[in-house]
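The following pair of complexes shares a single chain, chain A, combined with chain B in the former and chain C in the latter.
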Partner chain A sequence: MADSQIRASAAALMNAPTSAKPRRDPAAIIRWTLLAMGAIVMVMPIVYMLSASFKYPYEMYNLNIIPKEPTAENYAYVLSDGRFYRWFINSFIIATCTTVSAVFFDALVGYALCKFRFRGRYIIFIAILSTLMIPTEMLVIPWYLMSRSLGWLDTYWGIMFPGMMTAFGTFLMKQFFETVPDDFLEAARIDGLNEFQIWWSVALPLVTPALSALAIFVFLGNWTAFIWPLIVTNSQELYTLPVGLTTFSVEQTVDWELIMTGAALATIPTLIVFLVFQRYIIHGIAMAGLKG
Partner chain B sequence: MKLYRNLSISQKQVVWAWTFLALPVLFYVVIRFYPTLNAIVLSFQDWNLLGARTWVGLENYDRLIHDPVFWKVFKNTFIYLILGTPLSLLASFTIAYHLDKIRFLHGTLRALYFLPFLTSTVAMAWVWRWFYQPVPIGLFNNFIASMGFQQIAFLNSTTNALPAILLPAIWAGLGFQIIIFMAGLRAIPISYYEAARIDGVSSWTILREITVPLLKPTIVFLVVFSSISFLRIFDQVFNMTTNNPGGPLDSTKPLVLMIYQTAFTSYDMGYAAAQTVVLFSILLVVSLLQLRIMRDR
Partner chain C sequence: MATVSIRNLVKAYGKTEVLHGISLDVADGEFVVFVGPSGCGKSTTLRMIAGLEEVTGGDIMIGDRVVNNLEPKDRDIAMVFQNYAIYPHLTVRKNIGFGLRTSKLSKPEREERINEVAAMLSMTEYLDRKPGQLSGGQRQRVAIGRAMVRDPAVFLFDEPLSNLDAQLRSQMRLEIKKLHQRVGTTIIFVTHDQVEAMTMADRIVIMKDGSIQQVGTPAEVFHQPANAFVAQFIGAPSMNMLPARYSGGAIKVAGSSIAIELPLPDGSELTVGIRPDDLIVSATPGVFEGLVSVLEPLGSLTLAHIDIDGADIVAVADGRTPPAVGSKVHLAVETANLHVFTPDGEALR
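Here is the complex of A and B:
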């Protein structure tokens, strides 16, 4: 698909459909009702999780969404030992560092593979693209052995290093740099900018929508990553939020209101981010998905 | 610096290209290709992390073929794939197709459908696990009991547990697929529909003859994307069965969980590596096969 089409269709997603007929025929009303019911069912698990986190244990057993006697005690209890703060900070630092690194390097490599002419360009591109076929699960064992011999177990770096660059991002950025006209770069070259400056101050600003889409993807992926942090960390101080939540939930065994409070604490930050950047996130995902 | 100035423009480009690519190439070699080779080499060895690494040839693979747990796990993994991919694609396409046609609260409904995609898999696995608990804890069984029916054993049953774990996996991925389908639908030029409408074609024919064929690139992408994610299912299974991972009686255990346990519970590194090679081959075959099938049609 051509780039202009992708942008147009991703942008079109932001507007309500224009083809729909304004008159209210019964079929349209049924369609809308069913869709609305489906949407409510979709968010029910999240709603019940939030509702349970404000309930006393005795109320966990009824199906009310609004608790008769709402309480913040669960939150006070879950946050009291400070572990959740720690896990939250760990997850935040790790996701942020990985995102900055991946966006920087993916854009750098994507640009080099798109705009420079040199021997071996095609081979490098194919080699990087082929790593998409290698599942993380195949690499966790060698990564673990590597981290073990280099002393990276139980460190931030150990959690982060596998995600510092991504093949998907490189591919995405290469596709988007195709849309940057070579004339722009040539003009900058004549103005005396070096290639790094051209990339940084001319090419990158032209692909900011793609950069933000990629940043959203990488951040979300690292925020919810589970199997690698589970393997590489031993001490609770280094756990990320998902690994910490698993440990916490196993400890609680039957106190489901506390488990739901932990789950809510892991979910609320992403919900807030989504509510603020909703249109942007959906737009970015549509664009990146169509490119990919 | 003088040396650099004497280079021709194309030679300068080569210098810059390698300046840009040096670190990334090193990264891909050390963090992607070397570990892949390492996993393959390890699959021909026996190693428990403490003793020496010894060559055992094809013994790990031979053991795998004769391991009943492996075949059970192999079957489970394919059930996740064969149920998960078509069900989630059918559901997301149906929703996207109709959502695309409505105006009232369009953005809100779309956001609600998308919301589960942003949640953490681990958090949601515990939420669903709570739903599935027996009376008087679990939401589903409380509801079923209040309607006067007999309660259902979800996670404790060898037949129900796998679908019970698959459902939240489908639920969480639906929002993403809906957004991609809707963007694909919007990419189809409106003039096609207008022409069809002038010809008086029924909406079912329009769907079959215009919408679906033109959506093929989107469908191919989503089929491959979701197949790979179902073949790699782990987080949900691990968190919904922590008391007995992959249970009851291995009835929910996918390949990735078996790999995790072999490597990090039994420390049987060579055997685990052989399992990862199998996973790698399956993913490779499935992706190539699907691309092929979709291209031929």
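Here is the complex of A and C:
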């Protein structure tokens, strides 16, 4: 067959009408629709927050995404307000301290509950787990009474103490330590390490993904905490960022554009933390068998 | 180096006793292998020697010290685990040197010791790699290196080769044996593989259901098994066991009669054991006669399953000219190679 004939045949084949159109899978359509709706629900508040932070007050109640007259004045105002930096630092100190503490103690308790055999171990674990079922709103009263009687009201310690150890973190770490074979620990025991050294040098490095995931959860939780810091603090110098932002609303007026600007700025550290550690979160969640 | 003595060792979990008062003396520099089926208590015994399990009763002595209540680190032992237990986050160098963290050696001395052990195990070029970048055999060497670096009085091995493929296992078996010949440290090795036990041990301890069945050299446990369990457990393929009766100075077994003097009354029920390689397959009449039912070619030899008077027995035939399936064969056996057991399994000869 001549070369031109071959080409002609190939072209004819390529141009031939296909017998059936590719069918769209109805399940896939439903799946994608639901995902798209979920994404919109999640993303829209953030988009609106960013949009509002560039708007003038008169435009606040207009739902358009792109401001008619975009302005950076809100950012200039918030950043020039010395209180913002103070609240930012407060939030940073509190979130960092509680994260370090929670990761340390949750890992320690999780390890003990997982790897040591002692009487009452199961009851202690259930007791810790059961605290997960109590909403924060119910806990703030006993926390407040404790803080008052111990003189912790309006102090850093008062803001931090409820988060220094978490039931969720203990549960998460216990589950992760289950994946660490006892042989590692026994080998270290024979090599002469004491129990704390075994936990620190052998067990912890083997659950790094869980530690990272827990650190991020705790940091984000404390960075965005509102109710308890609001209740336990009186002086503005001790306000955390979420509490401080509420001072932009007074009895008659609410400066939404300033609140949104502060909130947008407040998301930057969490965004950085998330972007840096996201692979650990995903890996950590996958390993824990949890689905987010 | 040190001796290890176990005196009436008992282990119980709650009311369940899993070790029933075993006693054993391991000589200085000896290579002793504990072997037995799963659940026989061999690993529990090893873990008790290591200090990883509490002693319920009896004594464990390493050297001249009773170590029952000593922490593992104070027993001067090192252990190699089935799963290697090398730390994935540390390099080979740090893994091998891990056991020296609590030693009083200076840093240069530690480095020298690590390099010395790595050279002995041919791991020098892998010192800066992480375990994830090593093969199974190399990981096992790292685990052995970590145990060796501390120069312990006793090495404990808990089924260290069971995760390796057959070829690597045989290679590591040889390496561990060479290592023992070079360093001469007392070794207690646990395995469920009787080939490992036979090839490596100075003495084998055969265990079943929390009790020691026999202690002896590989030749002793193979040729003079203490009971039917040992006879069947040691040796591959397993010893043929045939029901028999003693009558008139002869054993009646599988339709044949074998003249033999036994200190038993006439009519005594027995079990006769014959190792497959003690049966001589021939065309001329022997002790037994039967039909070949199945052949298992192994290259240099062939395992022939032969139906004799309703009993299936295995004989080792030549690999090049095996008998045909369905053919009639004769089997001869030297009387000296017969093992005779009482109905409760005790060896009579």
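Methods note: the second predicted complex is superposed on the first by the 191 of 292 C-alpha atoms of A that agree within 3 Å, B and C clash if a C-alpha of one lies under 4 Å from a C-alpha of the other, contacts with A are read in each partner's own complex, and residues count from 1 in each chain.
Basically, contacts are C-beta pairs under 8 Å (C-beta built on N, C-alpha and C of every residue); 3 or more make two chains touch, one makes a residue touch a chain.
The shown structure was predicted, so the numbers you read here are calculated from the model rather than taken from an experiment.
Peer 1: Does chain B (first) or chain C (second) touch A:E137, or do both, or does neither?
Peer 2: So A:E137 only meets chain B here.
Peer 1: By the touch definition at the top of the document, which applies to A:L79: first (chain B), second (chain C), both, or neither?
Peer 2: Touch partners of A:L79: none, neither chain B nor chain C.
Peer 1: Between chain C and chain B, which one touches more residues of chain A when both complexes sit on the common chain A?
Peer 2: The partner that reaches more residues of chain A in the superposed model: B.
Peer 1: Figure out whether A:C97 sits in contact with chain B (first) or chain C (second), or with both, or with neither.
Peer 2: The answer is neither, since A:C97 touches no partner chain.
Peer 1: So which positions on chain A get touched by both chain B and chain C?
Peer 2: none
Peer 1: Going by the contact rule at the top, pick out the chain A residues touching chain C in the complex.
Peer 2: Touch list, chain A to chain C: 181, 183-184, 186-193, 202, 205-206, 208.
Peer 1: Once bound in the complex, which stretches of chain B touch chain A?
Peer 2: 10, 12-14, 16-21, 23-25, 27-28, 31-36, 38-39, 42, 95, 98-116, 118-124, 126-128, 130-131, 133, 136-137, 139, 142-143, 146, 168, 171, 174-176, 179-180, 182-184, 186-187, 190, 193, 217-218, 221, 225, 228, 232, 234-235, 238-239, 242, 256, 259-260, 263-264, 269, 272-273, 276-277, 279-280, 283-284, 287
Peer 1: Give the list of chain A residues in touch with chain B in this complex.
Peer 2: 1, 5-6, 8-10, 12-13, 16-17, 19-20, 22, 28, 31-32, 34-36, 38-40, 42-43, 45-46, 48-49, 52, 60-63, 105, 108-109, 111-112, 116-119, 121, 124, 127-128, 131, 133-146, 161-162, 164-165, 167, 170, 194-196, 199, 220, 223-224, 226-227, 231, 241-243, 245-246, 249-250, 254, 256, 259-260, 262-264, 266-267, 270-271, 273-274, 278-279, 281-282, 285-287, 289-290, 292
Peer 1: Within the complex, which stretch of chain C touches chain A?
Peer 2: 50-52, 71-73, 77-79, 81-85, 87-89, 98-99, 101-102, 146, 150
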